[in-house]
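Following this line, the structures themselves.
In the two complexes below, chain A is the common chain; its partner is chain B in one and chain C in the other.
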Partner chain A sequence: MSLTASITAPARIIRYSAANALADMRHMYTWKTWTFGWLGRMLAQVTFFAFFGHVIGSADQTRYLLVGNAVMTCVIESMMVIVSTTWERRVGTLTLLSAAPAPLSWVFIGRSLQWPVSGTLTSLAALFGLGPAFGVHWRAGQILPVTALVVLTAATTYCFGLFVAAVAFNADGARNIISNATYLLMMAVCGVQVPTSYWPDWVRVVAQAIPLTQTLKAIRSVSGGTGPALVPACWAVLLGVGWLVAASWMFQLMARRGRRTGSMGTGA
Partner chain B sequence: MRIFLTGFRFQLRVAWGSPDTLQICVTAPLFTLVFMAIAEHAERPDLAPFAIVSPTLMSLWTLALFIAGELIGDERRSGTLEALIAVPARLSTLVIGRICAVTTLGLLSFAEAWLVAGLVFDRWLAVRHPLPFVLCLVVTALAMAATATIFSPLFILMPSARTVQNTLTYPFYLLSGVLIPVAMLPFWLRPASHLIFLSWSGDLLRDSLAAPAPHDVAARLAAVLALGAVSHLIGMALLHRVLRRVRRLGTLSHS
Partner chain C sequence: MSAIEIRALCRDYGVGRAGDKRTQALSDVDLTVELGEVRGLVGPNGAGKTTLCKILSTVLEATSGSAQVLGHDAATDAATVRRHIGIVFGGDRGLYGRLNARQNLRFWAAMYGLHGAPLRLRVDELLERLGLADRAGDRVDTFSRGMKQRLHLARGLVGDPRVLLLDEPTVGMDPVAARDFRSLVGEMRAEGRTVLITTHDMAEAEAVCDLVTMIDRGRVLLTDTPSAIGEVVPRHERVVAGAVPEQTRQALTALPGVVSVEQEPSGRLRVETADSSVTGTVLRLLVEAGVSDLSTQRPNLEDAYLHLIGDRGMAVG
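Let's turn to the complex of A and B:
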């Protein structure tokens, strides 16, 4: 395969798969149900946690919770890749996909792209729309870097979510549980609600391997003007690429196992 | 009563191994972990009751919304609704029995939350006023079961409501003060909060865990029961409307 073909072939498959993702999104939401239903729900979630800062009685804590939970909304949506990866099996197309010569991972990389896109919009609405109401004000120069970092958070979390989806490839019934448990653990240890330094060393080490920890550090650096954002952002990129490679490898492994055991159409 | 207990036992068996019930068993401790971490990091151990009560009420609400809300629809999809309606036993009694089983399971999340606070953060919370506490848990479970009777027929009457099923969580948690006391919500939101039974339940449960004796216990319990009763009446009216409609349209066994 030539170099050009080795790039265009996956890109074409990912594009087709992303078109499916977009169709799913259109089927699920209209702009009204997304705005007043989904976005409203996520903004309520951010407000819910930010209000806890009010209960604590600390303006700093309120701002910390607002930023953390606003960024968390794109993580929650990106982690929905764990759930939507099962949809191919449910509609009976997984056996056909596994019989096709293209790697399964290319299909799944594009198949749930609606989530990070929608998640990015949700996070930006929460940060820039809801933030000022809780004392998080933005200067013009901060908007672009924060937007780029939110996109990076959604993209790298999607890569991490793909890996978890691949690990849980045959556990159809537990998809929602795995998705919810994973994002709640991330919410606890990645610096969303409390700084990572609050947790024991071993938890902190695990948290460093999750892209959210790095991107959130970068976003807090930009919003507070407390330090360089480039270093954690670069770490997030590296981690995102690493998780994507691991996810591709895991999908191949699971596909091989599924073909061998004849469980591609039925799951475990 | 026999029909109620039959529905209760049946639902316990169904729900025990269902992914939705397991989800609550997993998410309730994790929510406690999150809330407790915030409170402990802020050096506010007095907020531990908030961190324990909140996941309990959230779990009850989630179960009501996602399991109880699907009861009638599931029977209809599996083609068993016709048989259930044809038998002389009242469907509403059976449904209430099943929903009560779901909310009873939801109460287990309190034990989980209490254990997480103790095991992870070494905050072994004493229930200082056990009688109001237990009474409040019981009437809350009853009011939740009564409220859940609204969802099941509603999702059949308005299929579009299912699209926003997930959106009925956090806006509701916020409004009903499951984590934040109603007194701390904006002034203009408070009247609406008082119309949701969870706001009374949350306040009384937290007060029962605190040192001072809770005040007006009987009146607050009565408020939870009264609001639950109103929800139940609405739920029953909706259920009858659904049954009339599917009979008239001949779609008892169609989803």
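Let's turn to the complex of A and C:
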């Protein structure tokens, strides 16, 4: 396969698979139910946590909690990839995908892209829409870098979520538990509610490998003007690519295991 | 080179909560399907038909033995095998219901390496050929069972496979849709494709297959033409008659050379005879008794199926 083909072939499958993701999104939401249902729920969650800072009476604490929880909304949604990856098995297409020449991972990369896209919009609405209500104001020069970093957070978290989805590939019944447990752990250790310095060293080391820790550090730097945002952003890109490669490898491994054990879906 | 070559194929499954007990889905299966052949694989549920299809389509590994498609081993050269095969499963599942028919086929065409104009042409050609062009833009969720099955076949053909594996493709179809599907299988044969079709439906196997392999409990019982398999049952002839008086029935039962006299669910009497001279005697008796609703039959594939596998095979649908 030529270099061009090795890029265009996966890109094509990801694009067609993303059309499937879009169809799912359209089936689940109208713009009204997304805005007043999903977005409303997420803004209520951010408000809940930001209000603690307000009650404490510290503007810094309020800013910390609002930014952390606003960014967390795109993480929650991106981690839905763990759940939607199991849908192929449920609709009976997994057997057919396993018997097709293209790798499974190409399909799964595109199959859940609705989540990071929707998650990005949710986070931006929380940061720029809800922020000023809690005294978190944004200068014009901050909007573009923060937007780019939120996109990076959603994208790299999606890559991490794909890896977890691949690990949980054969645990169909536990998909919701795994998804929820993973993002709650991230919420605890990645600097969303409390600084990473709160945790023991070994937890901090683990947290550094999760892209959210890096992107959140970068967003807080831009938001508070406290340090360089480029270094953690570059780390996040590297980690995202690493998790994506690991996810592709894990999907191959799980497919091989499934072929051996007979768990690659029943006849469609 | 054969299209499909299976030698001493075995597949075990772990059963029970711990998976420590083993059950054998396939046991020492040998099977050869020649290029361009339409081969039927018939047997009851649990016979091993779907397991065999899964191994050939590379989604399941055999415990031992070998399965080759067009000379490529399904275990060690799976990537090549996948490029040469198309799979069609029966039933509603296996399609993306929220996409339309064209989007479904475009996705699968991309999975088989097509792109650009060839992809669009292939998809449009298949939609036209399978009679789905008018509904190409409609969501698959809104399709009837027959239309979904045609889309399944189109999906199976999108990679232009030389070998097609059809696993219970007409299950749940109404008779008209099933007949149309069979004529499509005939077209596949005319194009020189090799087709392996699994079914419970003896009429279907008789209608479309060059050869039929009977399989039960993971073992191949026999392989032959549908008509030759009919000869496997004892060479009895059969007379079927309606409105037979009780006295005549008793006379038939007592007649030398009559093997059995049974009432069919329809109420008609089925008389099995040892040879054609006895059949003549039975017919004369019935005519003399004023019976005009009469027919004679030779054993068919269904009789052979029942003879070899027993009533257990017919209890599943």
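Assume the second predicted complex is superposed on the first by the 265 of 268 C-alpha atoms of A that agree within 3 Å, B and C clash if a C-alpha of one lies under 4 Å from a C-alpha of the other, contacts with A are read in each partner's own complex, and residues count from 1 in each chain.
Just so we're on the same page, a residue touches a chain if its C-beta (ideal position, glycine included) is under 8 Å from a C-beta of that chain, and two chains touch if they have at least 3 such contacts.
Since the model is a prediction, treat every value here as computed from it, not as a measurement.
Engineer: Have a look at where A:A23 lands relative to chain B and chain C in the superposition and call it first, second, both or neither.
Structural biologist: A:A23: touches chain C, not chain B.
Engineer: Just to be sure I read the superposition right, which of the two partners does A:T33 touch: chain B = first, chain C = second, or both, or neither?
Structural biologist: In the superposed model, A:T33 contacts chain B only, not chain C.
Engineer: State whether A:I143 touches chain B only (first), chain C only (second), both chains, or neither.
Structural biologist: A:I143 contacts neither chain B nor chain C.
Engineer: Contact-wise, after the overlay, does A:V91 reach chain B, chain C, both or neither (first, second, both, neither)?
Structural biologist: A:V91 contacts chain C only, not chain B.
Engineer: Pick one for A:V237: touches chain B only (first), chain C only (second), both, or neither.
Structural biologist: neither
Engineer: If I apply the document's touch criterion, which positions on chain A are contacted by chain B in one structure and by chain C in the other?
Structural biologist: None.
Engineer: Which chain A residues qualify as touching chain B in the complex?
Structural biologist: 28-29, 33, 37-38, 40-42, 44-45, 47-48, 51-52, 54-56, 58, 61, 65, 173-174, 176-177, 180-181, 184-185, 187-188, 193-195, 198
Engineer: Could you list, by residue number, the parts of chain A that touch chain C in their complex?
Structural biologist: 8-9, 12-13, 16-17, 19-20, 23-24, 26-27, 91-93, 95-102, 107, 258-260, 262, 264-265, 267-268
Engineer: Which residues, counting only chain C, touch chain A once they are in their complex?
Structural biologist: 13, 50, 53-54, 57-61, 79, 82-83, 85, 87, 89, 91, 93-99, 103, 106-108, 110-113, 115, 155, 159, 167-168
Engineer: Okay, in this complex, where on chain B does chain A touch?
Structural biologist: Residues in contact with chain A: 19-20, 22-23, 26-27, 30-31, 33-35, 37-42, 44, 47, 50, 163-164, 166-167, 169-171, 173-174, 179-181, 184-185.
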